[in-house]
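Below are structures written as structure tokens.
You will see chain A twice below: alongside chain B first, and alongside chain C after that.
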Partner chain A sequence: MKPSDLVFRVYLAAIFVFVFAPIVTSMIFSFNSDRFPTVPLGSFTTHWYQTAFSRPEVWTAFGNSLIIAVCAAALSTSLGFVTAYTDFRYGFRFKTAYLALALLPPTIPLVIMGLAMLAWLRQLGLSGTLTGIVIAHTVMGAPFAMAICRLRLQQMDSALEAAAWNLGASPWRAMRVVVIPFCLPALISAYCLTAAVSFDEFLVAWFVSGLNKTVPVMILEILQGNVDPQINAIGTVVFLTSMVLVIIAQLLILRKTAR
Partner chain B sequence: MAKRFSAYPYVWRLPLLLWQGLFFVGPLLLMVAMSFWLVRNYRMTPDFVFDNWERMLGRGYFWDAYRVTFIRASIAASLASLIAFPASYALAFRVSETVRRWAIFFLIVPFFTSYLVRIYAWQVLLAETGPINSVIGFGGLGPFTMLNSGFGAMVGYMTLVLPLVIILQTFSLAAIDRNLIEAAWNLGARPRDTLFRVILPAAKVGLIIGAVFAFILSFGDFVSPFYLGGSRPPTLSILIIDTTKSGQQWPRAAVVAIMMIVTLFAAAFAAVGAAYRQRK
Partner chain C sequence: MTDQDPLVRFAGVRKSYGTFEAVKGIDLDIGRGEFVAIMGPSGCGKTTTLRMLAGLEAPSAGDITLDGRVMNDVPAHERDTPLVWQSLALFPFLNVRENVEFGLKMRGVSKMDSHGRAMMWLERLGLKGFENRRIDQLSGGQRQRVALARSLVTEPQMLLLDEPLSALDAHLVIRMQGVLTRLQRELGITFVYVTHSQSEAFAMADRVVIMGQGEIAQIGKPKEIFRAPKTRFVAEFVGRNNILPGDKAGQEIVVAADRMQVSADQPDAAALPAEFLSEEFAGTSIICYFEGANGEELKAQVTEEELEALDPAPGQRFWLTWAPEASHVITV
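The block that comes next holds the complex of A and B.
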């Protein structure tokens, strides 16, 4: 190993310390007795978990987040898949505009999405409802789902579908028995990732939610009060939930590229 | 196959048009329209007046916020690109394929974990009596005030954008044809020259795209400037939230939002133009 390699490795390690410092410390502080944590640490406690999870509104918020994530992920994944398939299979006029429409949402700042969604959903009578949040999260999740499905379709031999047609399968049947099974790992990982996006999204949900709070919205509102280690306890549970989802998604992506 | 009308292609094409038209384009257009509406007695009424535009763009505090936001986002984009580069270089050229794949994996994970909780963790870590200051204190220094300052906000921006910038840079560096680099070596180029005259030009597009994403994300972020930057001076995103939440002045918030979108598009187009210039 060259000496410069060592320098690079130390640098990389420092970057990863920076990236993971907030995640790891939040987990450590969630079991730490001090209200204002410092070094050396206080004693081990599960007090913050007990306090946080003895509040019924925390459970309600988790319930809301779960319902929203499950629905928004299903919608985003479906929308992402049909769009990716269209891009894969067909060329047509204004396709660039079509793709721009599909991929643009993540470039709009969340604050602006929040404001625009709030005004629009208010007009439709959906502001303050879970449906409203599901709609917003679907718009935000669909581009991710589309990207994942598109990458998977890229790996499919397009003759495969044509072969099924020649063997007498209708386009619908070919879709059901050829394309969808081939894309299944991508569909699952898109589902997990969009669920994670929805589960963590706080800004648009905050604008739209009204009284139906999700977990991140509740965290945001606790944060506006004061330093409160309950956030670490709730946050750790949120971290673990979304990390499990992301890791499942990533393993499926890595496995499919390995083949 | 006989050319007859089939519903099949449209079943796949239409959902996106309907959904994004109804719930993405619709809201944005409404927001633009709303910026010309009037608020009377806390109620919005459709109208076509330039009142909100005049009021927002005629005020010093809007332009102060605009300047702060723009400068901070530019610094964040430059800083993130500079900090990320050695790491991306190492991942692209100095580690094995497996290490690179795992490193990317671990850089994607934080992207999908709660940004809010990570910022809260920084709030605790950077506090006057927090862990970092007490460690520095063992060395007889400090305590330093890191929260409620430009520094605090910058730590937050880096938390938000650094993983993404490293990923984008790594991909563009790893895609460089190794023969180019070896050719430079064989022709006697010094490492400095290889870096500036071969590697950087070849990876230009990816590097610029990374910086653009860093700019877009920092420009629109509300959490870092609010919770770590102390919201003083306010950024445009804080202005939008204050105007929307406290005053019911949605039309004025819409004006700020439109100014932000225009700025972001201009920045993105300028950068993409720069990225593809002189590439034939």
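The block that comes next holds the complex of A and C.
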């Protein structure tokens, strides 16, 4: 191994340590019997998991987060795909403006987004409802879904859709049997990613959730009361859920570019 | 409707994109069972013409008639005009058999029936045993044949081909030309073949349509066009021609390079003086390039033996002559 290779590997390892150390620490303490996160560690226990998941409000919060993630991901992915397809298929004036607007939401500070969502959803009478959070998370996820779908559509031979028409498929049918199957890896990947975004999202959810708390909102509320290792247990479950979703998304993105 | 009526008729067909006119009013009849090549440089409107025939572009003016029916408002998916694409446009997420079955499935043919017909066409095109392969597991020539099978499986009365061989290696092009000509003869259907390649057009087509700048420049049998180009554009585009000033104003004389004779000594008959520039090997013969008295480029095709005998050096003076019957006159 050349010295430069060694330096590079050490550097890479350092980055991973830097990124994952806090989360791994939290995971370790979630199995630690001591009340406070200190070293040396106490004994191994699953007590915090048992306590945390014996509380009905934890289950409700997980249920809420799950329902919201599933719905918001479906809506974000549909919206993102349609937006990306419009860009792929049609040329029109102000297309640059259209794309810039479609990709804007992630650049808005979350506090502003949260406040704006709260004001807007209150007008609609949806603040504090699950529907309200789904709407907010759809807005936040759609640009990511669009970016992933655009990437896939750019790899599509534009003659592919026309070839389907030429062989007797109506435009709707061609969409169903050619464009969507072609984009399927991107659609699944966009779905997983936007679900993860929604599942983890705290700030906007905190503004609009009201009594229907999601997991991140509930974690904060528990923390405000006292420092409790149950948080580590809940956090570990949230982290693993999101990680699985993101890994699925990444695998699908990588597989489609390798082809 | 009789068999003598043309299968396709373009009548005053135009296509414009904004202020740009891609096709400037063409009239063209294509007969049943005919192999027509539409040839021209890139941007001449040949692909647009083909796409209008397939319903992928709507004409801005004029009528396209197919089998006696005006097709202008018939959408692409309701026409029976399968197209073999330049990029082939095979569906990458379907295997070979599913690609071939696609057109049948869209037309509601039963699974059993379409399966059998797809297999028959795969076998006919030498793809037996490949039916479960993915598209990216096939060679260029195999993909070409899958694309053909996919278009022919619905037994259309006409097949459109848009530069289908442009992505293939030279030796495969010759082989696919053979496959295409034989298929067309056996099936007896009309082929409309768009290409920029002379060798493809002249080797396969019954009739060649030369297009330039959105207009039809000449229609004729390959040999007619090759030997008797009507305009300067065709003479320059097709073959290797010398275009010389004519005897009368407004006329020019075309002499093909292979009918131009080179001699080192001034012959008795009228001859053009020319300075040797360079030579180019073109298979078994050699093209010699000269500069004429007025700076024009002249070319003559010679054999290897002739080249050895001439042994030309750059700047050396030669004389070019041709038999009277080797030339023909075009009006400018």
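Observations on the model:
Going forward, the second predicted complex is superposed on the first by the 259 of 259 C-alpha atoms of A that agree within 3 Å, B and C clash if a C-alpha of one lies under 4 Å from a C-alpha of the other, contacts with A are read in each partner's own complex, and residues count from 1 in each chain.
Criterion: a contact is a pair of C-beta atoms (placed from the backbone, for glycine too) under 8 Å apart; a residue touches a chain by one contact, two chains touch by 3 or more.
Everything numeric in this text was worked out from a predicted model, so none of it was measured.
By the document's definition of touching, neither partner reaches A:Val17: not chain B, not chain C. For chain A, the partner with contacts to more residues, out of chain B and chain C, is B. Applying the stated contact rule after C-alpha superposition, one finds that A:Arg173 touches chain C and leaves chain B untouched. Contact with neither chain B nor chain C is seen for A:Val244 once the two complexes are overlaid on the shared chain.
Using the contact criterion defined above for the overlaid structures, shared-chain residue A:Ala159 touches chain C, although it does not reach chain B.
In the superposed model, A:Pro105 makes contact with chain B only, not with chain C.
In the superposition on chain A, contact of A:Tyr85 is made with chain B only, not with chain C. Chain A residues 171 lie at the interface with chain B in one structure and with chain C in the other.
Those residues of chain B that touch chain A in the complex are listed here as 6, 8-9, 11-13, 15-17, 19-21, 23-28, 30-31, 34, 83, 86-87, 89-91, 94-95, 101, 103, 105-110, 112-125, 127, 129-131, 134-135, 158-159, 162-163, 166, 216, 219-223, 227, 237, 240-241, 244, 250, 253-254, 257, 260-261, 264, 268. On the chain C side of its complex with chain A, the touching residues are 54-56, 75-78, 81-83, 85-87, 89, 91-93, 102-103, 106-107, 136, 150-151, 154.
Contact residues of chain A toward chain B in the complex are 5, 8-9, 11-12, 15-16, 18-23, 25-26, 29, 36-39, 78-79, 82-83, 85-86, 89-90, 92, 98, 101-102, 104-105, 107-113, 115-121, 123, 135-136, 138-139, 142, 171-172, 193, 196-197, 200, 202-203, 207, 216, 219-220, 223, 227, 231-232, 235, 238-239, 242-243, 245-247, 250, 254.
Note for the complex: chain A touches chain C at residues 157, 159-160, 162-171, 173-174, 178, 181-182, 184, 259.
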